[in-house]
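The structure's right below; bear with me while I get my questions together.
Letters are used for the chains, namely A, B, C and D, taken in the order the chains are written, and counting of residues starts over at 1 for each.
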Amino acid sequence: MSLLRMEEITKRFPGVVANDQVDLVLEEGEIHALLGENGSGKSTLMNMLYGIYRPDAGRILLRDKEVQFSSPTDAISAGIGMVHQHFMLVPTMTVTENVILGLKEQKGRWNPLLDTRGAEKRINALAEQYGLDIEPNARVWQLPVGAQQRVEILKSLYRNAEILVLDEPTAVLAPKEVEHLIEVLRNLARSGKSIIFISHKLNEVIQLADRVSVLRNGVLSGQVDVADATASQLAEMMVGRQVETPKKKPRKSGETILTTANLVVKDDRSLIAVDDLTFDLAKGEIFGVAGVDGNGQKELTEAIAGVRSIESGNLEISGLSKSRGKRFREIGHVTEDRHQTGVVLPFSLWENYALKVCGTPPYGNWLNMNTGVMQEQTRAAIDQFSIKATGPDVAMSTLSGGNQQKVVLARELALDPKLLLAAQPTRGLDVGAAEYVHERLLSARDSGMAIMLISTELEEVLALSDRIMVMYEGKSMGLVDASQASREMLGLMMAGVSLENIENGMSQ
Amino acid sequence: MSVGPDAIRTRAIKVAKSTSLSLTAIGLALLVSAVLILLAGFNPLIAYAALLKGAFGDSFAIGNTLARTTPLIFTGLAVAFAFRCNLLNIGAEGQLYAGALASVVVGIFVTGLPTPLHIMLAIAAGFAAGAMWGGLAGLMKSQRGINEIVSTIMLNFVAIFFVSYMVQGPIAEPPGFFHQTAQVATTARLPIIAPKSDLSIGILIAVGCAIFIAYLLWRTPFGLRLRTVGRSEGAARFAGIPVNRFMFGAMSISGGLAGLAGTVEIIGSQYRLLDFFSPGYGFDGIAVAFLGRSDPIGVIFAAFLFAALRIGANQMQRTTGLPTSLVLVIQGTVILFILGAGILQWYRQRQQEKGA
Amino acid sequence: DKIKVALALPGAVSDKGFNASAHAGLMLIKERFGDDVEVAFSESVQRPDFVATLRDYANRGFDVIYAHGFQWGDAISKVAAENPEKHFFNVYGSGSGDNLANLHVANEQLFHVMGRLAARLSKSNIVGAVGGWEIPPIRIQVDSFRQGVEAAGLDTKFVAIYTGTFYDAVKGKEAARAVISQGADVIAHMADATGLGVIQAAEEKNVMTIGYFADQLQVSPSSIASSAIINVDEMFVQALQSVIDDKFQKGVNKFGLSSGILEVGSYGAAVPQEIQAEVAKLVEDIKSGKVKIPGPNVPELMKQKINKL
Amino acid sequence: MEAFFSVLDADFFSATLRLTTPLLFATLGGILNERAGVINIGLEGTMLMAALIGVFGAWFSGSAWFGLFTGILIGGLIAWIHAFVSISLKANQIVSGAAINLIGVGLSSFLIRIVFGLKDQQRVVPHFEPVSVPYLSDIPLIGPILFQQHSLVYVALLLVPIMWVILFRTRWGLMITSVGEHPEASATVGINPLRTRYIAVILSGALAGAGGAFLSLGQLHFFQDEMVAGRGFIALAAVIFARWNPVGALIACLIFGGADALQFRGQAAGLAVPHQFMLMFPYVLTLAILVVVGGKSQGPAAIGQPYSKG
């Protein structure tokens, strides 16, 4: 008897078949990975399991009994918990409040007051049991993503979930946090919980999962035991071809475009986030900025992009126009938080695409936008980046997460900026798409663009960068040539050990 | 908004659909109100015949309806425009008073100008004053984070009381007995299109303005940016759009449009300023804007609908003796029924859910 | 053939004051002239609709058209000029035309008398007034009332508040309470429905009030001392009669105490006979012309107020 | 100036409380629906209808309490329409509110004439009298201010802490806040955002109804056309001024009620200022306070947005 069986599940959206007769089997205590390209229907499948969507056809069986979920409530009471790609937390509430939201946690039957104390105790107990580090009184908006994710997991555990679904849980995590999460998930599986997790990172899948199901264009294209699979096999199952790691050409030297000296920047809470940074960046170079999320990368990027003011020190970008409009076109910026700062969800793709360039030839002038040209360009971008969308007129909100990211990338690259700030450019992208993005970044570099790559993923930083700076608590832990850097070394620096100390340690 | 023949066809279908929808809604609302009319002891058929005749009966009636449409287009546009930038301007009424005040001052105290110039100056003054009043709310929003709903509500009262003060004292018509200004100079008056009905070219200016605003919003970079600020402040900021400046700008333009409602009312029909001269055009503008789906062209139709109902209601009162308050009920129910068009979809979905 | 009479009102006929009094006028016309007339009225006509409303009545064959309030001046002048064969009356009006008469009442006389009455009645020697919106007639009423209070020669203090509204009785009530908290024990109101709140406050605080427009003794027998009655209804009848008798007079027709259009209302039980007699004497003197009431110079008062600012 | 401040007596403070009460009811209501993510600009019309129906209820039953009950009921009913249109039909909340305002003004003035007739429109109905709290009302200064008020004044004041506790210390409060901040998230933990919004909106209408009924049954004892006179809009502003917090609501309404009471007393004390400037005072004061303390406050994130399931 399997714990969960989804049989011949079909789901259509206007214009797409998101799931086409998909079968999925989950055993008790199993960690099951769900792989697939962007827009292949993973989230949709899981949303049906969680009662958010209803399948157009097919059955869901729990312990061989057919179930029908008309809302998440049903799914929850059937023992299913889900951690969404975009967290489902109320930012203004505390951790405890988020966890007990919707539950009858009150001080006795006749006392309607919330029993936060009692809830906190249980949260702490659960947190200890599964090694989830959490501060119950903190407000969610103040927490780093990793912690928010733990809150999400706790929410499910608190509701006695037997099956835990995680949609791209590692996409937003730093390597350390990923390791921690993997540990947590193993603990959960050991104690009898079953886990479905979606990821684009094959090495994690291999490290963690027992079995893998792969979706392609809404169809189940294979199911394998991880023991029998290699990363490249999985990649091929996903994209239908061999995926290669990008080859980097030697760097041509170019003139310096960005210089900073003793730069200090504050964050939204007026705390110092970037602390005394000095570095420069030249044309034709990819400058990697590594570090655990929340160590000042965001503030640094925003300061360079011109949307955050500088506290002290110097920040100079040479050859930039005086005019504000031009300046923003001369600096491309793939922002970290796609939904908040990257796209306008209710706008069409072409409007999103035109956001920065509208009003400049050939897209029209200040008095008149040439919508035809903009739509044409968007259509071209859809083809080039193989964005899964029916045309430039559809709303951004109907695209899958990865595809939205591609639109942003296409837009920023189309600006042909002097300086490109790329923050987590492949977050949420499938391996095939990530490969394409990497290629594009490298070719942009080769044609002389200066690129600052901000990423929490060491593989990516190592593979693309010419030089790498690691940030820790706003400070630079050191600047190394990519050819001389190693995973271990960067890992240490991300943990707050400065390059100097590492070298001293090695020399000793 | 693409321009191919296909796009035009889909747009035409859309317009036809929403028109038939609105007509159905009006029909239903009239049906509901008929009950009230019966309750009051009148014959609904006679009442409605009068209403129809009052609004469209002859060229005189149509002229009145169009004259009434004019300021509503402006206030509707004002609210709709601000809303495209995610700002809820409840202050069109106050901005209208500001605009009227400025226009009347120019119309009375500036003399010796040739007609077109004087008119243009009065219009510019009305727009500027409205823009200042709206911009004040915009400034409070962008500089101090003060929610525009609060500030515009408060500024309404301030403007209305200030105008009252002005017309009873500083700019009262000498010798200062009546609470009103003198009439604006004939050179500052908008030419009348239909002589018997007092319909001025204000209606053309209003429609032109609506088309211009539609163009501004959908065909210019400024419009795209403004709408971006409205839909996602974050995305706007990162695209280099100066969000605060845009909010300020949007509130100013919105205020200016509302100010023009005051202007056309003064130089197009009332000619002098009295306190409480507006029958709530600014508040009606809120309903007009959203009924027109915040689309400038939609605003024209919504304003026309509102005006027709109002003008028709006056006739209904005059011929049957039914109180005009009834028309507020009709207006309100028309809106509710138009909103209620979603009911079919809702019902279907509910049936589906029950069935599943 | 029937005479068709129409009335256009700027406010609701339910205001227990200005508009109500005009409506009563139309009703009185119907009563007096019976089958000889046909009447119609429009209430709450909004300013942009003034011309259209009057014009529609004229086009539909109404012979005599009343417009109520000074704000109709432009509209009625215009429509009167378009319809020379019809007759137009404008209460408080200032427009001109051969077939347009402006009906004015000598507010200064009536309210002067009421001011004298109030001053005599006050034990605290403080008298108050609550005005609605500060439009010309109200200002004349309030200031004449003040002059009457002062003319009593009792060194009475005078307190006035404008509420800025004719229909917010809650505000009227609070305004009256504020006046009462200043020590006033007689309060007049010139505020239509807002005044209903004034009367209520007076009743609750056991102070005296002076009714407005109609005889308001019945509204609050315990607190109403008397009422400043403006018989708009009689005025309307007289106006219509003048048309019928071919005695129509264009320009300003002013009605004072002697015309019977203005009257001091019934007295409450608390008003001593002796004071009633004094008031009656004053009224007679004004009627006979022995006492002249010049009335306040409103523009001048206004200027003073602004200069003080 | 001295004369101006001499008016700050017990009478002023009780006037402040009286002027505050109807606003407070409506503002508390507004907080409830806005916290749940629904904006209701129809408070004005709702209050007006409640003032009217309250008068009818009191007249036909002979009981002010029953009148209050009917006022609250009609408030809830009208809010239910708003809820249906804006939550179920997902129509624009602002238009729906605007429609309610139109209907409220028109229908109330229409119905009073039909039911009571023109002549007798301002018929005085059974109403609430101020209640003296035994002993406490004899305390000098404080006594007359706090303990000689209409019972509804006490109700409104009591509602402030009650609503605070409900919003911030009970699971219903969490539910309401969550559907206003992030309805999708609430749905994923089994809260029904639609139902929760419905309840909040209907309760809010009931509160506005109480405010309207207080005006007609507590303050006036009769109904007058348009007697709410913009208080519904002031409440709308007060909700934001209050930062969606019941305690803030009390402060906002007190400031407003106080300013209004003060301007009357300023006029009465003979302040030599054109009265229009006195009438402006409450509004200008509100703006001035906001400009000084700064208005930066985030409303409920999902306000105005209809929620639809997947």
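The criterion applied here is as follows: a contact is a pair of C-beta atoms (placed from the backbone, for glycine too) under 8 Å apart; a residue touches a chain by one contact, two chains touch by 3 or more.
In this text, all values refer to a predicted model and were calculated from it rather than measured experimentally.
Asker: What is the touch distance from chain A to chain D, in steps?
Answerer: The fewest steps needed to get from chain A to chain D is 1.
Asker: Give the chain pair, either A-B or C-D, that is connected by more C-beta contacts.
Answerer: If we tally the C-beta pairs in contact for C-D and A-B, the bigger total goes to C-D.
Asker: Which integer distance in Å separates the CA centroid of chain A from that of chain C?
Answerer: Roughly 75 Å, centre to centre.
Asker: Give, as an integer number of Å, the spacing between the C-alpha centres of chain C and chain B.
Answerer: For chain B versus chain C, the centre distance works out to 35 Å.
Asker: What whole-Å value do you get for the distance between chain A and chain B if each is reduced to the mean of its CA atoms?
Answerer: 46
Asker: Which residue numbers or ranges of chain B touch two or more of the other chains?
Answerer: Counting only residues that touch two or more other chains, chain B contributes 161, 164, 168-169, 323, 325.
Asker: Can you pull out the residues of chain C that are in contact with at least two other chains?
Answerer: Where chain C meets two or more other chains at a single residue, that happens at 134, 164, 305-306.
Asker: Which parts of chain A, given as residue numbers and ranges, touch two or more other chains?
Answerer: Correct list: 54.
Asker: If each protein chain is taken as a node and each touching pair as an edge, is the resulting graph a line, ring, star, complete or other?
Answerer: other
Asker: Determine which chains touch and list them pairwise.
Answerer: A-B, A-D, B-C, B-D, C-D
Asker: Contact residues on chain C for chain D in the complex?
Answerer: 12-16, 23, 128, 134, 159-162, 164-165, 167-171, 173-175, 177-179, 181-182, 193, 196-197, 200, 305-306, 308-309
Asker: Where on chain A is chain B touching in the complex?
Answerer: Contact set of chain A toward chain B: 54, 68, 70, 305-307, 324-325, 327-329, 333, 335, 337, 340-347, 351, 354-356, 358-359, 364, 366-369, 371-372, 375, 393.
Asker: Help me check something: in the complex, which residues belonging to chain B touch chain D?
Answerer: So the residues of chain B touching chain D come out as 36, 39-40, 88, 90, 140, 144-147, 149-151, 153-155, 157-158, 161-162, 164-165, 168-169, 283, 286-287, 290-291, 323, 325-333, 335-336, 339-340, 342-343, 346.
Asker: Which of the residues in chain D come into contact with chain A in the complex?
Answerer: On the chain D side, the touching residues are 165, 169-172, 174-175, 177-178, 181-182, 184-192, 298, 301, 309-310.
Asker: Touching chain B in the complex: which residues of chain D?
Answerer: It is residues 41, 45, 81, 85, 88-92, 94-96, 98-107, 109-110, 113-114, 225, 230, 233-234, 236-237, 240-241, 274, 276-277, 279-280, 283-284, 286-287, 290-291, 294-297, 299 of chain D that touch chain B.
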